[in-house]
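When the chains are written out, they are named A, B, C and D in that same order, and each has its own residue count from 1.
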Amino acid sequence: MSLDVPAVDMRTYLAHVELANPVTTAAGCAGTGRELSQFFDLGRLGAHTTRTITMAPRAGRPTPRMTETPSGLLNAVGLQGPGIEAFLGRELPWLAQRSIRTVVSIGGGSVAEYTALARRLADAPGVTAIEVNLACPNIEDRGRVFARDGAASAEVVASVRSVTRYDVPVVAKLSPDVTDVVAVARACVDGGADALSMINNPLGVCIDVDTLRPALAAVSGGLSGPAVRPLAVRCVWQVHAALPGVPIVGVGGVMTGRDAFELILAGACAVAVGTALFHDPLAAVRILKELEDALAARGFQRLADAVGLAHRPPGSGSRHLEESSL
Amino acid sequence: MGGSPQQVTGTVLTTRRVDAYHALTVVAPGIAERFRPGHFVSVSVGGPGTSMVTRRALAVHDVKPDYGGTVEFVVAVRGPGTAWLADRRARDTLDLVGPLGRPFPLPRDPVNCVLVGGEYGSATLFALADALQRRHCRVDFVLGAAAADRVFGALRARRVGETTTLTTEDGSLGLRGRVADVLPGVVTDVHADVIYACGPMAMLREVTAVGIDFDIPVQVAVEEAMACGIGVCMTCVLPVIGDDGVTRMVRACADGPVFRGERVRFEDVGTIPFDALGAPGGGGSARHVT
Amino acid sequence: MSLDVPAVDMRTYLAHVELANPVTTAAGCAGTGRELSQFFDLGRLGAHTTRTITMAPRAGRPTPRMTETPSGLLNAVGLQGPGIEAFLGRELPWLAQRSIRTVVSIGGGSVAEYTALARRLADAPGVTAIEVNLACPNIEDRGRVFARDGAASAEVVASVRSVTRYDVPVVAKLSPDVTDVVAVARACVDGGADALSMINNPLGVCIDVDTLRPALAAVSGGLSGPAVRPLAVRCVWQVHAALPGVPIVGVGGVMTGRDAFELILAGACAVAVGTALFHDPLAAVRILKELEDALAARGFQRLADAVGLAHRPPGSGSRHLEESSL
Amino acid sequence: MGGSPQQVTGTVLTTRRVDAYHALTVVAPGIAERFRPGHFVSVSVGGPGTSMVTRRALAVHDVKPDYGGTVEFVVAVRGPGTAWLADRRARDTLDLVGPLGRPFPLPRDPVNCVLVGGEYGSATLFALADALQRRHCRVDFVLGAAAADRVFGALRARRVGETTTLTTEDGSLGLRGRVADVLPGVVTDVHADVIYACGPMAMLREVTAVGIDFDIPVQVAVEEAMACGIGVCMTCVLPVIGDDGVTRMVRACADGPVFRGERVRFEDVGTIPFDALGAPGGGGSARHVT
C-alpha cells in the first residue's frame, strides 16, 4: 500500500467468525489450495473455500467439461473429488498446518449424506465454516436440486447445523435458477443458516455448430464469469434487502476489485473469487488490493461501512427492488 | 518440475509465419529460466475488454537466453483466441503463466529415442531433443500431419536428428500415411529404447500401441481442453491408470501433460470408465461405503 | 448467395402460419419498424415483432435506463409505448401497408387487460401472431410477474387464445427466472399457446462503484445480449426435449448466424434478434444470411431439418438434460 | 435530416491529441456527404471478441472532402469504450453508423447567433458556425470547461467567431466561472437573436434559462446515455414538451439530440414527470381509459 492511501480496516465477519479480509476463493475453483500456493500465500486471503466434498470419491463428468461463452465459462465438472476420507486425510491437514482459514464445502444426494459429512467434519481441526452446496440433486426427490426448493434446502441446513459445533458457521450456498431467491434464502435462514453464499452457477447449454452436438458431454453446465455478475448482484441485492442482518458471501463474475465492491455495496460482507482464478492465478490477492484501494479512494475507513451501502442513498429510505423492469 | 510457475507480462520480440503456423518469440525471463522440455505456458488472449475469460495453453517450442530469456511458441489458428494470438506483432505485450505441467522424464543412460510429432505437436520435441543429446542419447524424428504445410519443424528435425521420417495424409510431403504407419520400421531400424510423442490424441494412441508392440516405453504429451492450466478447475481430465492399478480421472495440466502412454486409457478418453475411481455406480477400488 | 452454395429452404412455421424465414426482430428491440427500415427492407425478415403494447400509453421508467455489462446490456425501459389506440392508429397500419409480417407483443397487469388487448387486435388487419409478454407484474397478485407462475401464465394465455382469431397463433413469451421453465411452458401450452418464445430478460442489478448507487434508476433491469445466450439455449433445449411438437422462437444473445444456428439446433424453429440490433442496425438480415450460409455449408437443404437436431445424435436416442451439473 | 444513415467501415486517417481530447479523422464518404451540423455518429468499440455490446455516440466535429469524405470526432476518455477509441491509430478501421439524429435548424435570415459549448460539446459547433456564416449570420462563441485543457476549440473559435469568450471553473483560462455567468453579457453585447448550445445537461439548463430571460430561442444538443443511437431501444429519453403542450419522454437520439431549450424539462431529467404522457398514475392528457 502506498503511503498516501490510508489503511482500510478490511475485517469482516461470517456470523461470529472474524476474517482478516472479505476475499475468499470460490468452491470448486481453487483446487486443494496447494496449486494456488505456488503463486501466493493462501493465508493472505480472508479464507479458502474447498471444492465441494462428497462422501465417496467422485470421478465427475466425462469430457468435454468446459466451453467458453461470451464473458463466461460453461462447466460440467460434476464435483470430481477424493471423498471425505481422503479430504480429511490429505487436504484439510495441509491447509490447517498453514493456518489457512478454510471453508469446507459439502454436497450430498440426501439430507442424511449432508449430515454425515458435517458429522465427519465436526471434530476435524481447521474448519472455519461449512458451506452447504445446495446445487446437488436430491436422490429422494427424483434428482430435483435442493437449491430449487426452499423446504428441502432448509431441511439440509437444519440438519447440518444440528451436528456442527456452535462456533462453526453454516453457510448455505444458493442457486439463481429459482423463481424466488428470497424465499429460498429465508427458508435457509429459518433452518439455521448463519450466512448465505450466492450465486452458484446458473444452468446453461451451448451447442457446437460444427459437430451439431452440445459442447459439453453432460449437455448442460454451470455458467460462471463476468456474464453472470449482474445476476449475482441482483440476488445479493434482493436477499440483503429482505434479510439485512444475514451475512452474505457474494459470488459471481468477480474479476476486479471494482466487481467485488459492487457485490459489497449490494449487501455482501465477503466476496468469493471463482472463474477469475482460472484466468489469473493471482486474482484473489489482486482483487483484495484493488478493493482496498477502491475503498480508500472513496474515503472509507472500514469495509463494514460499505456493506449494503447502495441500498441507502443519502437522505432517502431503502429502495426496494421490484420483480420486473416493467 | 522446474520450480514454481510465474505470471509475467512478456514483450513480443518477433513473429513469423512458418507454413500453416505462427511462431511468436516473447521475452519472459522468469519462465525461460524455469523451463524444462515438455512444459507449456498459458496465455491471456483478447486484450482489454475481451469477452474471452480463459487462457490458451501453448507448448514451448524454444527457449533462448536473449534479453534475459525468451520463449517461443507455435500457434495454429483454431478459434478466436488463437486468431488473436496470430495477429500479435513485435512490441505487443502478452500475459503469460508458466512454465506449467510436468516435463518429459529424461533417461539416465544414453539410449536411443524416437521423437514423434503430429502437427504443431512437434514443436515441443526440439528442446527435448537437445536435452536428450546433451545426455548422449540418439535422437530420431518421425513427424507427420495432414498436409505438407502442417508438418512443423521438418528442417530442424533433419538438422538435429540422426534420421527424420516425414508422413502426410495427402502425400504432399514424405510418405503418404500416418506416423504410426512408419513408426514400427523406424523403431526397428534405430533399435529404439524409448518413444516420446506429442500430437493429436488419435496419434498418441497409435504411437502407444506401437510402443506396446515393441515393449518399449512411450512418453506422450497429451492435449485436452483446459480452462485454467494450473490444476484448479478439473476440466482437463482423462482416465489414467495409476501405479496402484487404479484408474483415476487425472488433470492433463497438472498431472500431465506428459504421461506414460500405456497408462493412458485412450479408448476411454471422453468417458468415465466404469472402473475409474469414483465412477458413477461405484467404480474403482477405493469406493467409500458409509 | 454465391453460385456454388445451394439455396436452403428457409421457410418455417409458427404453428400453421408460414414465415419466409426464421429470423424475426425481438419485442421491444426494433422500435416501430420505421427506424430499422431506414437501413433495410423489414419485409425481408421472417417477421417483425413490435414492442410490447399496453392498453394505456406508458412513459416507462426514469433514466438511466441502461448500463453495459460484460457481453451484455442491462435495461429498464419499462415498456414505454403509445398504448393500443395509437398503435392501431399509427404503427400497425404502417407495417400492414408494407406487408411486413407482424407479431404483436402485448402486456398487461391483469388477465382482463391482456384479454382486452387481444380483443382490440382481433379485427385489426396485419396481425400475423400475438406474442403474450408474460414478464409483466400481476397487479392482482401483489405485482408478482405472470411468467413466474405457470397457472397465472396459463390463465392469461387461455384468455387471449379465446378471443383471438383461430388463424392467428398465440405465442407465450417466457422468462428464465423460474425454478422450472418446462413447467411454465407446459402450463402455457395446456392453456392454449400455439408457440413459445424464450427467453425474456433475466433480472439483473449493477451498482455504480463511483456513485455507490444502482446504475439504473429502476435499480433492477433485464439482462440481454451474448451473456445470456447459454441460458436461452438451455431453456430452448429443456422445453424442446419436454414438448418436442411445440414451435419455439429462440431469443437471447443472437449476434451472428452461428448463434441463431445454436438455438435452432437446440430446438427453436424461429430466432428473434434483440440487442444485436442496437449494435448493428443490419444485424437481422446479416444473421439471416449467415444462418443460411451455415446451413448450406453443412449440407442442409431445409432449415426444418436442423430444428432440434442436437438432441438426436446419429445412432443414439434423445439425451435428457439433467437438472444440475453435479 | 440529411438522408438515411449508413453503416460504413471507415479507415482512420489521422489521430491527434488536442489538450485533454483525442481527435480522430476517419474516411467515411457515405456519412460525410449526408452530414448536417448537429448530426452525430455511433461507433462500434472494442474490436473482435470484445465484451462491449453497445456503440458509442460521438458528435461530428468536422467533415472534409478528402478521400471522398472524412468525418472527424473528438473523444474524451470516460470509460472503456472511449479509452479504446483513444488508442486507435492511423490505418485502423472503425465501424460507424451515421449521420444520426436531427441536426440544428438554421435560421432563414441573417441573424446574430451565440454558440455556447461546454467541454467537448464545442466540437459540434464549428460545422454549425460555417453553415450559419454561409447564411450571413453573425457568430460569437462562448466556450467553457472545468479547466483550460478541457476547453475545446478555443483557437478555432477565435478564428471563426466575431468574438470568443472563454470560461473555466478553475480560472486557468479566460474568466473564472461558468458559461452561463458570462452569457447574458455576450447576448446583450452582440444583440443575439438565437443561442445554440452543446455541452453537459447542467450547462444546457443554465443556458436555456438565459435564453428565456432574454426571450430569444435556444437550440440545445443534449447528451443522454444511448444504447442504440437509432431510435429503437428507448433508453435515451428525456421529458420534452410537445407543440400540443403535452410532455412526452422522447428519444435523445432520434427525436433529438437538438431540441428547443425551453421545451426540455431539465429539472425533471432522470424522472418521469407526473404529468408526462403515460406517467404512472395516469399522466398526460391522452391517458387511455378502458
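Throughout what follows, a residue touches a chain if its C-beta (ideal position, glycine included) is under 8 Å from a C-beta of that chain, and two chains touch if they have at least 3 such contacts.
Everything quoted here is computed from the prediction, not taken from an experiment.
Chains touching both subunit B and subunit C: A, D. Of all chains, the one whose CA centroid is most distant from that of subunit C is B.
Taking A-D and A-B together, the pair of chains sharing more C-beta contacts is A-B.
Subunit B and subunit D have CA centres that are 56 Å apart.
Taking each chain's centre as the average of its CA atoms, subunit A and subunit D sit 46 Å apart. Taking each chain's centre as the mean of its C-alpha atoms, subunit A lies 33 Å from subunit C. Once the centre of each chain is set as its mean CA position, subunit A and subunit B turn out to be 35 Å apart. Within subunit C, the positions touching two or more other chains are listed as 61, 70-72, 75, 77, 225-226. Counting partners per residue, subunit B has 51-52 as the residues that reach two or more other chains.
In terms of which chains touch, the assembly is arranged so that all chains touch all other chains. Residues 61, 69-72, 74-79, 107, 135-137, 143-145, 148-149, 177-180, 201-207, 209, 212-214, 218-223, 225-231, 233-234, 237, 253, 258, 261-262, 265-266, 294, 298, 306, 309-310, 313, 319, 321-326 of subunit C touch subunit A in their complex. Residues 70-71, 226 of subunit A are the ones touching subunit D in the complex. By the touch criterion given at the top, residues 51 of subunit B touch subunit C in their complex. Contact residues on subunit A toward subunit B in their complex (touch as defined above): 28-31, 35-36, 38-39, 51, 55-68, 70-73, 75, 77, 80-86, 113, 116, 217, 225-226, 275, 277-282. Across the complex, subunit C is touched by residues 4-5, 7, 44, 51-55, 97, 224-225, 227-228, 230-238, 248-249, 254, 269-272, 276-280, 282-284, 286-290 of subunit D.
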